[in-house]
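Same chain, two partners: subunit A is paired with subunit B first, then with subunit C.
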Partner chain A sequence: MSIEIRNLSRQFGSFVALHNINLQVNPGELLALLGPSGSGKTTLLRIIAGLETADSGQVLFNQEDSTTKHVRDRHVGFVFQHYALFRNMTIFENVAFGLRVRPRKERPSAKEITRRVTELLQLVQLDWLADRYPHQLSGGQRQRIALARALAVEPSVLLLDEPFGALDAKVRKELRTWLRKLHDDMHMTSIFVTHDQDEALEVADRVVVMNRGHIEQVGSPNEVYEKPANPFVYEFLGHVNLFHGRVHHGQAWISGLKIDVPEHAAAEDLNAIAYVRPHDIEVSRTINGEPALAAHVVHILSIGPVVRLELVHGDDLTQRTIHATISKERFRELQLIKGEQVFVKPRRLALFPNHDQKQE
Partner chain B sequence: MSKHKHHSVLPGFNLALGFTLLYLSLVVLIPLSAAFIHTAKLTWPEFWNTVTAPRVVASYRLTFGASFAAAVVNAFFGLLVAWVLVRYPFPGKRLVDALIDLPFALPTSVAGITLTAIYVGNGWIGQYLEPLGIKVAFTPIGVFVALTFIGLPFVVRTVQPVLEDIEKELEEAAAMLGATRWQTFRRIIFPTILPALTTGFALAFARAIGEYGSVIFIAGNIPMVSEITPLLIITKLEQYDYTGATAIAVVMLIISFVLLLIINLLQWWIRHRKAIA
Partner chain C sequence: MVDSPSQGNRIKFMSITQSPHTFTAPQTQEAPWARWVLTGLALAFLSLFLLLPLAAVFSEALKKGWEVYLAAITEPDALAAIQLTLTAAAIAIPLNLIFGIAAAWAIAKFEFRGKSILISLIDLPFSVSPVVAGLIYMLIFGLQGWLGPWLREHDISIIFAVPGIVLATIFVTVPFIARELIPLMQAQGTEEEEAAIILGASGWQTLWYITLPNIKWGLLYGTILCNARAMGEFGAVSVVSGHIRGLTNTLSLHVEILYNEYNFVAAFAVASLLALLALVTLALKTFVESRVAQKISR
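Moving on to the complex of A and B:
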């Protein structure tokens, strides 16, 4: 089922939760709404679900206006961050709930309900817990039951509100992979909300980056990571080093380094900020003829496949920290020790001139 | 057996238990056993005749019947009041919320006199009920009205916090799964508040059984019709028939104890029906 959102706005008092949102969700897609808290991502999801109403704008399911449709009639599955399992019912009854509350004419027979629920519990690999109560389950198990419960009504759209937010790191990773597989098997359109960029980039087909009620960028995980549309997206996705500098006629001066930036050839002496990802920082022991920044090593973290370096550039007054990530091999080559001096230069950077700023 | 004495992280178990037992004995058990010991002065036939006298039996029926009816009504309306107070914002909500506690704090005799004044034939409400053939004051209905009045806060105050604790998400989840408002209430909300509701019911019931002050004014105390058991006990005391009074008291004690036990078992059952693994 395709979902279209047209000019959607929502305000809570003076707080603008959503401002004129337009979004197209393709059938069968797994979409992530990514943003910091207060960015409006959960409000958007709840409006799509029908749990919240918009001040203006439309929500269309398969080109059909569903803005005023009741929650019950939307046939949408919803998974809550804190599971929202029914405490007074067994796991089996929780999953069966959506089938049991159907009007008598549409309700499957008791045998059919048992079959369907057992099937769903097998799908989430928890059929052995059917007779337990929610409080006897771990967080990861509860969330899988919540998913099974949402799937019981055979929704064509599955919405998940920070589904793994309350779980510990390991379970979270497991469930992520599992959700991706489940989505592919079930042929649904799914949207999930998260504030965890790794989660969004790893699982989703497309990522919608939101901030303060606006959509900052929509694109594949690769697009938003490699070509962030603006400083916000750059800072929000992954670690970055931030440099302040100036740009003039295709050349940038950043912390005393002159770097060619041909895409900004038209810039006329503007203030600019530059972002460099830690893995785009080149670290060497000698200058090699090219301009580079002198820095010294203050911390080395060599766990896992890469080595993270914390470097400090400049004297006591102007000192700033630079984070660099290098491969294990490169680290062995360099044989760095804490306190040593190195030279760094950005291999690649993203430059955002500040056009609004007046010349000083 | 282990050589080491196991210490709990929570200190003072022995002291606390000792104090609890002493306190409970002084305040509850000794006075109650005194009633039993005093009653033991009677022979069995004497005892039986005292506690099964027609006037006494009629008073049991009224006391327990009216108390039960009042507690049932309170369970319904108390739930409704708690629901409205928790769910809907309205002007004067805090005032209404404070008013609920009034029957707790009001001297029972004041409540009794007020209720009587309202419900007598020429009172505010009585004047409209009388032409309809409904007499409230000085009848069993009056007893029921007084007991309903004093029991209401027990239900409201036990149900309210539980109702407040029900996450909005549970209802949203039910709606997303296609449940109607009524189905959500019946299958999700009601089972959740049922233990609290039975507690409130038990408290209101227990309070009504022991109620004296507010009832005697409105009841009219007509023997065989509107005379409650606590009043009979007082009457016996005023006639210096101490053993007769304690005999009736003992019967009341036993019935109350059994009823509360049943309610507690019922509650235990409600709670454990869903906690069994």
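Moving on to the complex of A and C:
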């Protein structure tokens, strides 16, 4: 099923939760709504589900306007951050609930319900917990039951609101791999909300980056990570080093380095900010004839597959920290120790001129 | 929870709704004498003001033996008073159940204008003296009241009749169930209901299968307190009743009348019924609280 959002806006008092949102969700894809808290991602999800109403705009399911359709008639599966399992029912009854509340004519027989619920509990690998109550389960188990319960009514869309937000790091990782596999098996249009960029980039087919009620960028995980559309997306996705400088006629001066930026050939003496990812910082012991910044090594973290360096550039007054990530091999080659001087230069940078404000 | 008999040997429940909690005392070490003195003081106070009056009620009631006691509580006027008290409670409690659930549901699960006004209104019977509540009904439904002439024309009697007593009882017991449920429902949030509706449940199914089971102990607790207050109410009922023996006398009013007639044994005998009710309520309340505590500690 495809979902289309048209010119959707929603305001809570004076707080603009969503401002003129347009979004197309393709059939069968796993889409992530990624953004900081207050960015409107959960509100958008709840409007799609029908739990919240929009002030203006439309929600279309399979090109059919469903804006005014009741939640009950939208046939969505919804998974809550805090599971929302029915505490007074066993796990079996929780999963069976959606089938049992159907009108008598559409309700499957008791035998059929038992078969379906058992099948779903097997799918989430928790059939041995059927007689327990929610409070007897761990967080990860509860969330898998919540998913089974949502799937029991055979929804055409699956909506997940921060599904792993309340879980600890290890269970989180396991569950998101598992969710990806489950989605690949079922190919149901799914949207999940998260504030964790790793989660979004790792699990989703496409990522929608949201901020303050706007969509900042929509793209594949690779696109949004490698080609961020604006400073917000750059800063929100992964660690970055931020440099201030100026750009003029295709050349940028960043912390005293002159760098060619042909894509900004039209810029006329503008303030600019430049982002460099830690792994795009080249570290060497000698200057090699090319312009580079002198810096001191203040911290070395060599746990894991890469070595993270914390470098300080500049004198006492203007000093700033630069984070660099280099491979283990490169680190052995350089044989760095704390306090040594190195030279760094950006291998790749993203420059955003500030058009609003000219250099004084 | 039983205060000293006052105003015609009335035994009344204090409207304290404590949230049940489990207590793990830190190992603070007071001097032994301090502990003994404090415990002794508390016990002496309780004995003097609670246990002694309670014992007095029963001993006075049985002073002239079982036969007199039984006669006092089975004479027609006493039976009529018992019947009226039960009738008033039987009408007030279901109405307050419906209103309490509806109000708590609205307040805890929805956002709307005037919510704080509704909460204040629910608390009104707690803050207004029951006698004033009775007088308000006099002012509205009494012969000289706003609706008096109209009611007389249509031959409807509310004041000095059963409807007035029921109205007064409802008024003073309005807060009990709603007040018990609101914090409980607020703490539980709306996610389970949302989940149920997304799964296709109707509003009634959601109420019946999700909301009510989640609040059943709080509901029972509120109902017990509501019942105790309904049966023990004196002030408001006294104003609107008119004290017509065998017709508009509730148990509490009947006690007062007997006492004023120096019929002490009968007065205490009827009072002992109210005291028994108090003890049963206390036992039920303790049981429900322990169940709620178990639920919470899980």
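Keep in mind that, in the parts below, the second predicted complex is superposed on the first by the 358 of 360 C-alpha atoms of A that agree within 3 Å, B and C clash if a C-alpha of one lies under 4 Å from a C-alpha of the other, contacts with A are read in each partner's own complex, and residues count from 1 in each chain.
The criterion applied here is as follows: a residue touches a chain if its C-beta (ideal position, glycine included) is under 8 Å from a C-beta of that chain, and two chains touch if they have at least 3 such contacts.
Computed from a predicted structure; not experimentally measured.
After alignment on the shared subunit A, the placement of subunit B and subunit C results in a clash. Once the two complexes are overlaid on the shared chain, A:97 sits against subunit B and subunit C alike. By the touch criterion defined above, A:187 lies against neither subunit B nor subunit C after alignment on the C-alpha atoms of chain A.
In the superposed pair of complexes, A:170 makes contact with neither subunit B nor subunit C. By the touch criterion defined above, A:105 reaches neither subunit B nor subunit C.
By the document's definition of touching, of the two partners only subunit B reaches A:132; subunit C does not.
Shared interface residues of subunit A, touching subunit B in one complex and subunit C in the other, are 49, 51, 71-72, 76-78, 80, 82, 84, 86-88, 97-98, 101-102, 149-150, 152-153.
Residue ranges on subunit C touching subunit A, taken from their complex, read 191-192, 194-202, 205, 209-210, 213-214, 298.
Of all residues in subunit A, only 49, 51, 71-72, 76-78, 80, 82, 84-88, 97-98, 101-102, 135, 149-150, 152-153 touch subunit C in the complex they form. On the side of subunit B, the complex with subunit A involves touching residues 167, 169-170, 172-180, 183, 187-188, 191-192, 274-275, 277.
Contact residues of subunit A toward subunit B in the complex are 49, 51, 71-72, 76-78, 80, 82, 84, 86-89, 97-98, 101-102, 131-133, 136, 149-150, 152-153.
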